[in-house]
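For reference, chains read A, B and C in written order, and residue numbers begin at 1 within each chain.
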Amino acid sequence: MFFDILPLALVDGIAYACLLFLVSMGLTLIFGVMGILNVAHGAFYAFGGYSAASFIMMLAPTTESAWIPLVSLFLVAIVVGTLLGGLMELVLIRRAQAYDPILKLLLTFGALLMLEDVQRFIWGAQPYSASEVVGRLGNIELGNITYTTYQLVVVPATALVAYIGLEYFLRYTNLGKQMVAVTHNREVATSLGINAGKIGLITFIIGAILGVLGGALASPTTSLVPGAGADMIVLSFAVVATAGLGQITGALIAALMIGILRSIAVYMAPEVEVAVPYIIMGLVLLVRPHGLFTVAQARTI
Amino acid sequence: MQPLIKTTGVQLSFGGVIAADNIDFELHSGERLAVIGQNGAGKTTFINICTGYLKPQAGKIYFDGTDITSMTPRKIVRLGMGRSFQLPQLFTEHTVRECIQIAAARQNARLTAFKPLAATVDTREVESTLELVGLREDGDALSSDLPEGKRKLLDVAMALALRPKLIIMDEPTSGVASEDKHGLMQTVMNALDERKVTSWFVEHDVDIVAQYATRVAAWINGAIVADGSPDEVLNDPRIKSEVLGN
Amino acid sequence: MMYAISAIGAALILAAGHFLPWTITPIIIGLTYAIAALGVSVMMRAGQVSFGHAMYACISAYTVAFIARAYPGTDAITLILAGVLVSVLASAIIGVFMVRYRGIFFGMLNLALSMVLFALLSKLYHITGGTDGLRIPRPPFLGMTLERESFEFLLLGLALVISFGLAWWVQRYFRSGNGAALAAIKTNETRLEYLGFSAYVVMWRGYLLSATVVGFSGSLLALIQGLVTPELGLWLRSGEYVFIAILGGAGHAVGAFLGALVFEAVKLTSSAYFPHLWQFILGFTLIIVIFLFPKGFVGQLSKRMKL
């Protein structure tokens, strides 16, 4: 039975992992550069999903095209991500730069609570979805199995492009290199003339856009309901912790691992499916207390 | 008489740099050993090896006859090796007295879950330790509120409260204003003498070394190149030029 | 002075419970929040914030439910103690690996475990009743079979006794040798090790205490609600406990109770005036409190009043 379900589980798992990876990429980027574990990241995901779903529901009847709704997912993500991320950084994060990491985390937890109610205020409790997008893009047949183009191509392609784009940005552009410098040592970077405040804002916005994008891309295949944000933040934390805080490539691997194993569990042992990411995280941290890919830091007095 | 510390063939290198080059070393009870050398010469690395913080790639270390080469720092401390730090390591949210009291409890087994800490330690010993370093009146002050000199004294006092046989001090007078250095060192040495504790300290100030040490060891590039009385070592021309920079 | 205020508070609560019986349930629930926050604050003493301690409330609550349903004549006191015992045992085992971690990892590993528990409780319908939970038949209290009003009033009294007892014990723990060492972990764990202590052992003991305290909150909650659901172990719940501990300041045991008072007040007011925005207001309050009082709202007050 295992090999029967494997292709389906893999495709499902990879698509799911890609969404998870997009969100986690944003989370781990923000942590790496700014030292904040942004609990409100889950709300970014949720807002992305809801906004995209609303927009598509409005847009779909006005056009026959398959591509316009798809492209609008990305546009919504960029707009919403910039607004939410920018607002939160300017109002909240900026002021708390010198605080204890736990207090910073609690601030973002407060922001999550606030955003969850704003979300419920705007969209209510009924499920939202943008299933139109999937239907219009059609299916692809591989072997004997039919997959949706969306799941098989669009989602993984986006995640891959985002990953390569971010890595390129961090390694080869001036702005990206400055972000890396701030990650390694904020004080030294500032004394070299890098505007840490500007870097912080840009980082947070990029991270937020990734989180929102994850939600926007999830809206065609998921039903957005209240609580989606809280669920997602815990999941993406599991990915980020498994990989090691700040490790982007690690997050890709961890997301794939968790996504695929969870997907297999859905088919073979559905009772434990929800627990799978946390079991994996627990097992990894038992062996490597700081995540799979961190570089050990020497303790000094 | 058995040496308090004895090392044979201790070797450690990091990425091509030899931090400890086949060190054979002995320290006897009652000595006041000053260790001098340029930064990076290996003085602190050797201390970290003897206190269990670093493991040597070869060689053995014995403390009072016991092989401590593979022991954890915690076990070594319990055998009687105390340590104070260049930057005072205090419990910044506790008072001066509480810092000593915690040290005086010394082991997990003696920690209570109900009786107040103050009631479980030997009050006279705690007060006498405070008295020895001149911190009696500061007993109720928050340790982080103390000026630098007193924080250094508290750092040493915490090690003293362990009733150790040896205290290793990393630059005891660094960060202290020059006019206060001698006063500080005098207080520390008197306290150690009173409690019959051997001392081993890293120090850059030649006057301090000359006045308070009974023995001086000079390090260059991971090896002890001179070892003898302060007079001999401090006046050695090679040491004067390569270590002291005269 | 602390004792006087607490005694007056207790007397007021009992009076309210007697004359306005509808207040009993919310008061007991408020007390369980305070007790749980007290438990979380034990770990905060060592500078560690757990986002999963609600699992210990969940474990004790479900233990109460299982035993009460399997052996309906079991006394309420026995049920409470049994719940706490299972929580402690669980924490003893979990603590063995959990207390190696610090900072965000400690916080989130606890969260992860609580999510696994939540998932299992939600999915294993035939054993746990799934998301509907399990009902608990009203147990006898000290041998007496009681009507609802009397049972609840006695439970209120018991909750007060337990609150006092735990607050007193935790405060004594903070002053004891273990408590001082626990606090030393927060400021200089390395020095503690260099003094010959095992921070691991000290943390483990503190972890057990924190789980014991949270366990009591779970048992009480199970009995007053007559129902246990997986939500008891949700990470958002743990977050509320942390919130209360921060609000009240983790420096003194009474902080958790004052924090819970403010928390419940905020919740009630916002439910009355802005019914669907109570989370918004709570989140906003948390942010304001952190910015204005980094040491906790009550912590600041107590500093000035020299409690």
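Keep this in mind: a residue touches a chain if its C-beta (ideal position, glycine included) is under 8 Å from a C-beta of that chain, and two chains touch if they have at least 3 such contacts.
Just so we're clear, the structure is a prediction, and the values are computed from it rather than from any experiment.
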item: Remotest chain, chain A as reference, centres from CA atoms; value: B
item: Innermost chain, where centres are averages of C-alpha coordinates; value: C
item: Computed distance of Cα centres, chain C from chain A, in Å; value: 32
item: Chain A and chain B, separation of their C-alpha mean positions in angstrom; value: 50
item: Centroid spacing, where centroids are CA-atom means, of chain B and chain C in whole angstrom; value: 44
item: Contacts with 2+ other chains: residues of chain C; value: 190
item: Numbers and ranges of chain A residues touching at least 2 other chains; value: 301
item: Touching two or more other chains - residues of chain B; value: 89
item: Of chain C, residues touching chain B in the complex; value: 169, 172-173, 175-181, 183-184, 186-188, 190-198, 201-202, 205, 209
item: Residue ranges of chain B in contact with chain C within the complex; value: 73-74, 77-78, 83, 89-94, 98, 101-103, 105-108, 110-117, 120, 158, 162
item: Residues of chain A that touch chain C when the two form their complex; value: 37, 92, 95-96, 99, 101-103, 105-107, 109-118, 120-121, 230, 234, 237-238, 241, 245, 270-272, 274-275, 278-279, 281-282, 285-286, 289-290, 299, 301
item: Residues on chain C engaged by chain A in the complex (per definition of touch); value: 49, 97, 100-101, 103-105, 107-109, 111-113, 115-116, 119-120, 122-124, 190, 235-236, 239, 242-243, 246, 276-280, 282-287, 290-291, 294
